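Presented sequentially are two complexes of subunit A, the first with subunit B as partner and the second with subunit C.
Right after this comes the complex of A and B.
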């Protein structure tokens, strides 16, 4: 029987065209990701030699002035970009995957990044995840909306009904065939990506592939449920397209507005202002309070005293820089907290919307989501602090630059090694797939 | 055999069937005559299990249709007024497909034989159904019914729209099926065809069986007169 279902499906040129279109869109999506990854890798690769060149040039210029040398020197810190990020660019196009920081105040530098055209951000990237989340369901809808109604409208339903003792099995065979066709395209695209981009065959890829496939299964089961009401083709198509629009646009956009209202992220500007004022005002204030604050944070440097009448001192200068960070710390922490709250809310939304879940969890596995951004921010702070602690004694004791082994100042890399909870990853899909399957089975019981 | 007991079907306030009692025995061909809306198709739909009776019940080989709507399908075959099949499959593929969903696996030569038995020329077997005439499609429909090897056949105006030769061919096949011992209920508007093939004729009016005639005792003209007077 399946042989004829297969023939019917593939003799329909529209079905073939849809599969071809999906494959084409997926390939373009993979190409977009590959270009992004190559650009990213190119920047990161060049940054190592640029950093060495910059260090060499500045060391030659400021051999005897370690304080001034460290004013200029930038140390690059890379947020490792997994190859899988090519399939889910996520926030990586907005947030830099590499940041160069001096040991001066961090808060000002943290949010300095390349200028990015907001128009591009609005449109988003046409990456593979876009194709998976938005386009695959449309083709699934096109394949399934009339699985029962087409036979009813063309007059074959009655004969099918009399011939078959189990129409549900027949409908399921049709759905399974379509799921198979879509899965083949999906897996071909992923295989293409693995070979073309060189994505490693690891747990992340396995999870990404699994959640993507479960997302596709979810759409098939949703279609199964909608068609089980035995509405007309037009009704089914309308309901399914409304589901698609609601799930992909109306609900996430409305939820985003609510999240913005509940968790306003105004602390970003506050942190910048606090840092600027915290640092700049210190020039006009007495040195003692600044230094006391600095010694409290770093008692190990308390032997480097700064008199009130001293005209200029790198100890005081870097203490002022530090004060800027200290005064912005509350706002900076609140900023990160608000972003985390928003992300947590989005994760909750993902539990009820498989498309959001696919985007979020795909981003998590590819290291391109908000969680990665926040983790990288934290790691950047630790890196910055480590650089400060390494260079402060050299600056404060007015060492010559030649004493430092600059070859060790290589580009450091942050690897996001957080592990996903399988329950959190798969449960929402399995819950909805099971629920819709059971609900549609109830409706199918009434099939003649 | 086929039986209805006080079969009643209501659509809101309108009664499409009113206490229909009908019995068609083994080897009998029962022709149901009546105007559009008389209740012929409603009767067939209830017997097929596609529609639920408001009250009363129908039995196929002693099995209650209302209690076992799936089980009775194993005993039934159905040929509608217009056999609608899949245009992107050939005639033989359609036959194979519909046989397989009924649980029958035939070899290609067996399928071909079934089609030949209905009078469908071999040349047409491998052609897409999109190019078939109505008569050819009806023949595939008969082949589907034959392939199911059902003991009870329900025919809903099967010769409607067929040319005289195709009608004669069809009538001959129905007669043969009756002679093989199958129980056949045929709703039709074609009085002459009914008289020529049926063993019994029933005339329905507004959901009731108002006449029940043994066809051998009447000529077509007599049945026609009676029909016109009745409706």
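Right after this comes the complex of A and C.
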């Protein structure tokens, strides 16, 4: 009988066309990711030589003015982009994967975004995750919505129920066959991506693949439940499309609007104001309090005294820059906290919406989500601090630029650990799959 | 075609749609969602407005209370400008979420607008943000498809189509009647929102009532045209399909194509046809060229040496110390002019690429009616790329004026030789420099530079009429 079901499925040209279309969309998605990754890698590769050129030029220009030299020099810090990011671009098109900072006030520089066309960003990327989250379910719906109703509408349902001993098994065999077909396309696409992009075969890929597949299973079980009500084909199609629209558009979009309202991020603007006032006001104030604050943070530099009547001093200048960061620290931390709140709320939503879960957790595995952005922000701060600590003594003791080993000032890289809790990853899928499976079984009992 | 017959078909179609309990509850749900989104958008806008206003006043207060200072320090102290969205953002957010909200303006440096709502929202923003415009552009067409897919096909299945024809209704009357009936029903999704959006936008008290009214006068007829096309598409596919079920599948396919595939595909094409440089590459290039042309901080630079010589001969003195004006101020002013020009040239090249990308999207409005209405809706709501571009331009103009004004103060008032005059200028000068006030881009200005979306809307109206006329000739009654 299974052989017959197989023939029935593949003889339908519509089914083959749908699978082909899915494959095509997936391939385009992978290509989008590949292009994104290549551009990113190109930017990062070039940044090393840019940095070298810039250092060479500025060192030549400001040989004997270390303080002024460090005013200009920018040091690049890379947020490593895992190859998996090609499949889930996430926020990486908005947030730069490399940032150049001077040792001046960090708050002023850290939100400098890369250039992007906001209209393109608003339209979103056609990456593999988009195909997985939005398009795969549509084909699953098209495959399953009339599995019972088609026979009922053609009048062959009675015949089937007489001939087949177990209708539930027949329906399940049909669903399984379709799940198999979709899974094959899914795995072919992932295999293509792995070979084409060179994604390493690690746990991140394994997790990404598993949650994606569980998401597909979820849709099959959802379809199984909806068709078990034995509505008409049009009704099933309507209900399933409404589910799809509600899950992919209405609920996450409304949630986004509400999260933005509940967790406003005015602290971002506040930090900008605070760093500016914190730094610039010091020019008009007595030098002693600024220096006291600086010595308190860095006791090792307390030997570099600055007299009140000194016209200009780089110790004082960098102490003022440091004060900008100090005074914005509270607001900056509050801003990060709000981002975390927004992300936590989204994760909660993911527990009840498998599509959101797939997008968010896929992003986490690929290092393109909010967790990565925050971790990189923290690492950037540490990098900035390390650069300061390296150059402060050189500036304060007025070293000549030629004496510094500039070849050591290469582009540094941050690699995110991307840790996930397996329970948090898989439980939501397993819960919904089991629930819908049990519910549809209840309904199927009344089938014959 | 007899007018009374047409009226009958329209009336019957409309009333049958209204009579169904399902469609009425959908209508109410949609309107409720739209109104709720306007309400949330309203409070969010008011909150943001309050915050921005507060920071703007603080910025100004801080600026004015600066003590006596060297003007160049003041130029580096700079100014923070905050972006205001047009109040119609509560109806159509456009690309607002993806725009930076604050720019720090200072001498020598053109900073980007930073801190966008999307950047602070995490991956969820990839699903988009809810707005009435989204419902009207995406969800309502789907509803019209679901309610209208059987309008002709089902009548044919029930053999009532033949009956109508026998009773003297021409195919043309039937098709026109069905389309107009569905279209009249679709207006129920739009019309109630007009007064709500109007009142809500006025309550925000940011734009004048004439401006809001003018925008709405453009906005809502555009949606009506869009629904006319959707109604036409629904009825025609219904008329040409063998069964109601195939009509439904075909229509859902069209919807997916218009809403998902085409917009993303065009965006992909645009990005790859017109690539843009990264920020790092851009800034390195600018830095390189600035160093090449002339560095105002380098006293031996040839360009500035020439400037020095011409100044010396103009004032008939031998050294810069003898000049009656502040020499380093002059140097700085020239430096600002040069570096701004270089940056502006590079920025123009970048913006040109963006412009090309935009152009491709705009043109795709002739292939995809959803893009056409999206573009026009954003344009009318003042949340499109053009409006953002104007904001950035106004900010850059202000930055340049600020830097050059400070340089001028330095030239006039700061001692050229130490001890001549004081090294600072009086704080009263700060107050004299005007505040940054963002002027919303005017609707007529927007339209003048982007008339293609308007043309696209007209195109879809004409195409609809053409489609109805040709389809009525081919209508199969059985």
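Following the convention adopted for this analysis, the second predicted complex is superposed on the first by the 447 of 448 C-alpha atoms of A that agree within 3 Å, B and C clash if a C-alpha of one lies under 4 Å from a C-alpha of the other, contacts with A are read in each partner's own complex, and residues count from 1 in each chain.
Simple rule for what comes next: contacts are C-beta pairs under 8 Å (C-beta built on N, C-alpha and C of every residue); 3 or more make two chains touch, one makes a residue touch a chain.
Keep in mind that this is a model prediction, so the values were computed, not measured.
Superposition of the two complexes onto subunit A shows subunit B and subunit C fitting side by side, with no clash.
Taking subunit A as the reference chain, the count of touched residues is higher for C when subunit B and subunit C are set side by side.
By the document's definition of touching, neither partner reaches A:351: not subunit B, not subunit C. When the two complexes are overlaid on their common chain A, residue A:23 makes contact with neither subunit B nor subunit C. In the superposed pair of complexes, A:158 makes contact with subunit B only, with no contact to subunit C.
With both structures placed on the common chain, the touch criterion links A:406 to neither subunit B nor subunit C. Shared-chain residue A:196: touches no atom of subunit B or subunit C. Of the two partner chains, neither subunit B nor subunit C is touched by A:390. By the document's definition of touching, neither partner reaches A:437: not subunit B, not subunit C.
After overlaying the two complexes on the shared chain, residue contacts for A:298 are found with neither subunit B nor subunit C. After superposing the two complexes on chain A, the shortest C-alpha to C-alpha distance between subunit B and subunit C comes to 17 Å. Interface residues of subunit C facing subunit A in the complex, by the touch rule stated above, are 33, 37, 40-41, 43-44, 47-48, 51-52, 55, 58-59, 62, 66-67, 69, 73, 76-78, 80, 82, 94-95, 97-102, 104, 111-112, 114-131, 134, 138-139, 142, 146, 244-245, 248-249, 252, 256, 260-261, 263-265, 267-268, 270-272, 275-284, 287-288, 291, 295, 297-298, 350, 354, 357-358, 361, 385, 388. Within the complex formed with subunit A, the residues of subunit B that make contact are 48-50, 69-71, 73-74, 76-78, 80, 82-86, 88-89, 93, 96-98, 100-103, 141, 144, 148.
Residues 25, 28, 32, 35, 39, 43, 46-47, 50, 53-54, 57, 61, 68, 76, 90-91, 94-96, 98, 100, 108, 111-126, 130, 134-135, 138, 142, 233-234, 237-238, 241, 245, 248-250, 252-261, 264-266, 268-270, 272-273, 276-277, 280, 283-284, 335, 338-339, 342-343, 346, 349, 356, 359-360, 363, 368-370, 373 of subunit A touch subunit C in their complex.
Only residues 1, 4, 7-8, 11-12, 154-156, 158-166, 170, 448 of subunit A touch subunit B when the two sit together in their complex.
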